Each structure stands twice: as C-alpha cells, then as structure tokens.
Amino acid sequence: MTNSSSHRPYFVAAASIVTAIITWAFASTYLIPETLLPHPFDVWDTAVKMSDSGLLWISIEASVWRVFWGWVMGVIAGIITGLILGELRDVDAVIGPIFEFLKGVAPISLVPIMILWFGIGEFPKLLIIAYITWVVVTVSTATGVREVPNVRLRAARCLGMSQLEVFYRVILPSTASYVLVGMRSGIGFAYIALISAEFIAVDKGLGFLIMDSRMNLQTPLMIVGIVSLGLLGSGSQFIYDVITLHIPWLSRFRRQ
Amino acid sequence: MENDWKHLKVSGLYKRFDRGPIVLSNISLTVERGGFLCILGPSGSGKSTLVDLIAGFEPPTEGIIAFDDVPIHGPGPDRVVIFQDISNALFPWLTVMENAEFGLKKIYRDKKERTDRAMQALELVGLDKDTHKFPSELSGGMKQRAQIARGLVMDPHVLIMDEPFAALDAITRRRMQYELKEIWERTKKTIIFVTHDISESLILATEVTVLSSGPEARILDTFRPDLPSGTDPADAEFIAAYRRIEALVGHVHDAGESLT
Amino acid sequence: MRIGRWGPLYGAILFFVAWQLGANSVGTPLLFPEPLVVWEGFLRLAETGEYFEHAGATLQRLAVGMAVGIPFGATLGCAMGASRDLNAWFDPYVRMANSTPAIALIPFALLWFGVTELARYSLVFYTAFLVLALSARQGVGQVPYLRIKAANTLGVTGASAFFRVVVPSSFPAILVGIRTATGLGVMVVVAAEMLGAANGFGYLIILGRQNYDPTLIFIGIFSLGVISLALDRGFQFCIERFMPRWSVKRRV
C-alpha cells in the first residue's frame, strides 16, 4: 500500500465537501430563495456576528449546562436502578416490563406535563433530560449485571470472596464496561431531550435560538444554531471517548 | 482447615437436580495428598457436576465429601478450581499481577508480601515478564497459566482443573500438559484433573478414575497406570494402558449408550 | 419466588397503582388525572372516532416516511459498505446527520415545506434514511471475508457475489436498523405533530396543554408508549414468524 492510496479517502472526502459547498453557494444564489437556503457566506457572517455579540455563547452555555447536569443526574440514578434491576431477578421481572414501556415514551411528549407541573424553569428541563438518560443507563447497567459470566462469579468464590465481596469486587467492575457504553448512548438521547425541552419551553439556549429564528425568518441564524448543536453533540461524545479511553484507570473497564 | 490432612474422600455420592434424573450414582474416590488424580469421562458423563460438588458449588443429594473426617462446606480457597473458559474466568479489567493477587487481599495486609507471593506463582508458570499485561493481550495458553498462578497463590489443599486445556490448540495443549506436570512435581500440590482425553490422562496422572457416560454416571474403574516417568505415548506401556481404558469405555458403548 | 411469566402483569398493576397514588397525592385532576379519568377520556374520544383519527394520522406519517427512507437508506448504506470511495464521499454528511437529530431540524423542515404533511414525512424520512444507511453499511462491513472467498471459489464473483452473498448477509443488521428507526421515528413524528399539526397524538398533547386538560395529554403520552411497544414487539414477532431465518437470534 503506497502512501497515496492510504490517504485516498481523505482526498475523496475533501473533494466531496468542496463540491458540496460550491453546489450550496450556486444553488443559494441562482436556484433557491434566500429565506430557504442562505448563501454560505451569509451563514458564516451570521456565525461571526453571533459569536462577537455573545449571543452564540450564551445560548451554548445555557444548553450545555442543562444537558450536562441532566445527564449526570440521569447517569447516577440509572446506575443505581440498573444495579438493583440486574441483581434482583424478581424486582426485574415486575419492573423490567415497565421500562420496556417507558423506553417508547418520547421525551418530548413529557414536556407539556412537566411544564404544567413545574412551570417554565430549569427544573422541568433538567428532569426530562435526566429522565431519558436514566432510562437508557438503567437498561445498559441491568444488562451488564446480567451478563457477568457465571464462571467469573465461581472463580471469585473459589478465591475466598464472600457474596458481598463478589458484588463489589467482581460484579461492579464487570458491569462497568456496559455502564460506560450506556452513558455514551445517554449523551445522544440527552441532546434530543434538550432540544425537545428548549423548543417548547421557550427561554434561552440553542433550541430556543433555532425555534425563534424561524419566527423571524432568520434562516442563517437557524443554520448556525443547528450546526452548533450538532458540533456540541458530537463534541460531547468525543470528549467522553477521550476521557474514558485514555485515562488508564477508566479505560481498563472498557476491556472485555 | 487443618493443614495436615492426608486424604480427600468422596463417599457414596449421588446427585440429582430438583426432581430430575440422577446425574451421578454412587461415586466414591480417594485422593491422596500430593497425588494427581484424573477423572476421565465422555461428554455428558457428569464430570462437570462432579467438579461442582467437590468444589462446593452444589451440595450432594447423598454422600460425603471430606478432608479426612472434616466435610467440606461450599466453595473456598482450599479447593481452587481452574476453569476451561479462561476469557470469562479471568478478570479482564485487572492485569496479570492484579489477577494473581486478587485472593490475597483478604489474607495478607502487606502489599509487598502479596506482590512477592504472586510473583512466585507467576514465575512458576513462566509469566513473570508479563505481569503488567491485561488478559485481552494474552494468548490462550498464557491466559490459562495466569489462571493457574492465581489459583496456586492461594496455596490450596487441592487444585481442581476442569478440562483446562480443551480450548487450546493441540500444540499449546501438549506444552501446557508438560509444564503442568513440572509444576506438580515442583509444588507437590494435590491435583484433580478432569478430561475426556485418554492420552492426556495418562500423560499427567498418577491415578485415573474412569466415569461411565450419563445419566446415572458411575465409576467404571480406578487404577494407577504406573507408567515410568518420561513415558512417551508411543511406548508399549502407554499403549497398553490406553487400550485398557478404551476397552472400559468401549464396553459401555457396546451396551448401546452414546459415546460422544 | 417464581414470578416469571406474570411479571408484566404485576408490573402493569404496580404501574397503575403508583399512578393512582400519585394522582391522589396531588389532589386536583387539573394537574394529575387519575387512571380512570384518563380511561373515560379515552372512551369518549374512541366513541366519536377522534381517537382513531389521531392514531391513523400518527401511524400514517410514520409509515410513509419509513417506507421511503428505509429502501433509500439501506441502498446507500450497502453502497457505502461496498465501495471505499463512495464511503469516503458520503461519510462527512452521514456523520453530520448523525450528530443532528431530526428534532433539531423540525423548524428547518417547517420553513421549507410549511406546516404540511410533507414536512413531517421528510423528517421521518431523514431519520429512517440515516439509521438504515448506518445499519446497512455496518451490516455489509461485518460480512466475513471468508464467506465472500467461499462464494468466489464457487464461481460467484464481483457484483454477483455482492448481491447474492453480501447483501443477504447484511439483512439482520438491516432488520435491526428498521427496528431502531421505528423507535426514533415515533419520537420524530410526535415532535413534528407537537410543533405543527392538526391531528395525531402529538397534536393531542399540545391541545391538552392549550385547553388545560391534562387528560388529553395523558391519553397522548400513553398511546404513544403503547404504539412504540406494539410496533417493536410486532416487528419482532413478524420476523420470527415470517422470516425466521433472518432473526438476529440466529447467527447469519
């Protein structure tokens, strides 16, 4: 494999992106009205203006704060309930099906009820984000506990471990890799919940920005908002990966 | 547990699960301290059940398992099991050294002492250069050695090995058999080795117990092959012993039972 | 304790009891209606046929979006899995789309298509297309090279091998993709209905909010949960029954 052919995908990708931008510019100028498809330069200008004025950063900060704390709360609650469900088969038999049902309840459908109960503050938004994260992490954690190989539990007993010791020296670490994966999935769903909440409970944040810009037909603003959201979402997962894969004490739990 | 026991005795063992069929029937055997007993039987002969009983994972339906006169109670570090499924038996988030030290945390408070003892066992199995590796970085043979070291470190009365080399390729298996024999000669540990491979049993053991196929597996015969050390599978005595066992198992086969 | 098969029943009972208790503790039906009140509300809607109008609308949007999104997405996914160049070309957009959930694009869709069915269809299409493209690509990538070589030695090579060996081998992954897309699709439909529609369960929820009638909201939420569950189970059942050879339980 020569150097040039192993770099080929990058060239193709670059060509693709350049083509896309050129097509975009052409279409926005000659084919599609400004309100629907603004010119790339307009979008860039808007982005710069929003950054300078601080609007972009305020929105990002509001959104990040919500999604982070909601996610953290959901993860903690999820690990606890997941461990309980995984360990206690009887509890799982009864409550497991409820979870199956809850998985199908889209977070956005809960926003109006949350607002009705708790008003338009940070709390209902955090609650919804925490809720969906909780469901996802619980399911992963419970699966993780169930998947601990029987052999491993027996090996630990042979080495003199009591039931309690088996739990925190073998079951917990064995579950850790599932928990870490669940937490990562939780990030994606947390962002969906964030947007859901920000669309309806209008306030500040990226969701609000996107929604509001539609009312005022400020399409470049909308695009900047959407792209920022996307970058934020994938950026969050990227940071998560960096932390869990590169901190040795954590990365060892992602080994199987 | 007493430290000057002489025999591990299994007497009149019967095992059935709930109201199912009888898996093991009237099993009696004696393991001398320092001996190498091989339990030989085809698949489905209840070998694993016998391991579970001796190890203490399951209680017998009838019968006694005891060190001299002291019956066993549940699993413990006096009877460590080496499992066949090495990927799942080792702890993947711990290094080789940490795996080896795992059982020592309760017994020795001093870190250095734990590390020294673990290191001794790891040297014995030849993993002293790989102590910082994770199981996912080891080959099949190395993983099994790590498991053996982890067991030896507990200084058990008996090491129970449940078809430990069955998942390895033939060449690695031969090497492991050879090394196990050396480890046994050096440590004088009592070993119960379960397998379906007749050659393996003759290469390793001082005493062989042959189980019939299940259900209601019983002991067909127990004998000492008494092969001189360094016997090769091509030697006459080896072949004679092999034939003897084959005849036993073949006898059962004639009676219409399956011999997987 | 042998709970086993009765688990879901006990679970359902526990769920409704907890619901009832929650409603009692709050006291006012204006905030938290009791299960019976919600049930009555549902019956009322069912009598007038309104309920089924909403159900039909929601399901129809889901069906149309998926019917178009699945085949196109799977095709692109297979193509990306087969050709390094194609993959390199489209991957940047796939990644971007992956970080941008359809919900975030609702205002954009409404802008382009107005408050119309097309806007909603396009959002479901977007979701299904993306999920299927990823699943199909992964499915194709997972086909053991050995299997392709086996086909080659039997004289089946190139494009023929692709269509006769690789694509069928990736079916289980595609089926998993359809299942995932259904779940996400329901979420998108709900969101789209809540933000601009005149019928559907999402609309029902918003209506409930506007009229300060939580009963409607609860009916909407509950119906959506039931639909999601029913679709998911139904899909699994159909696979087991009609195409058992593709079920994920068997390793293809």
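Chains: A, B and C, in written order; residue numbering restarts at 1 for each.
Everything below uses one rule, namely that a residue touches a chain if its C-beta (ideal position, glycine included) is under 8 Å from a C-beta of that chain, and two chains touch if they have at least 3 such contacts.
Keep in mind that what you see is a predicted model, and the values were worked out from it rather than measured.
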| item | value |
| --- | --- |
| Chain pair with the most C-beta contacts | A-C |
| Chain whose average C-alpha position is farthest from chain B's own | C |
| Euclidean distance of C-alpha centroids - chain A vs chain C, Å | 18 |
| Distance between chain centroids, defined by C-alpha means - chain B, chain C (Å) | 51 |
| Separation of chain A from chain B, taking each centre as the mean of its C-alpha atoms, in whole Å | 48 |
| Interface residues, chain C side, partner chain A - complex | 1, 3-4, 6-8, 10-12, 14-15, 31-32, 84-85, 87-93, 95-96, 98-101, 103-108, 110-112, 183, 186-187, 190-191, 194-195, 201-202, 205-206, 208-209, 214, 217-218, 220-221, 224-229, 232 |
| Chain B partner contacts - residues on chain A that touch it in the complex | 149, 151-152, 154-161, 165, 169-170, 173-174, 176-177, 252-253, 255-256 |
| Residue numbers on chain A that touch chain C, as the complex places them | 8-10, 12-13, 15-17, 20, 35-36, 90, 92-98, 100-110, 112-113, 115-117, 188, 191-192, 195-196, 199-200, 207, 210-211, 213-214, 217, 219, 222-223, 226, 229-231, 233-234 |
| Chain B residues touching chain A - in the complex, by the definition given at the top | 55, 57, 74-77, 79-81, 83, 85, 88-94, 102-103, 106-107, 134-136, 147, 150-151, 154 |
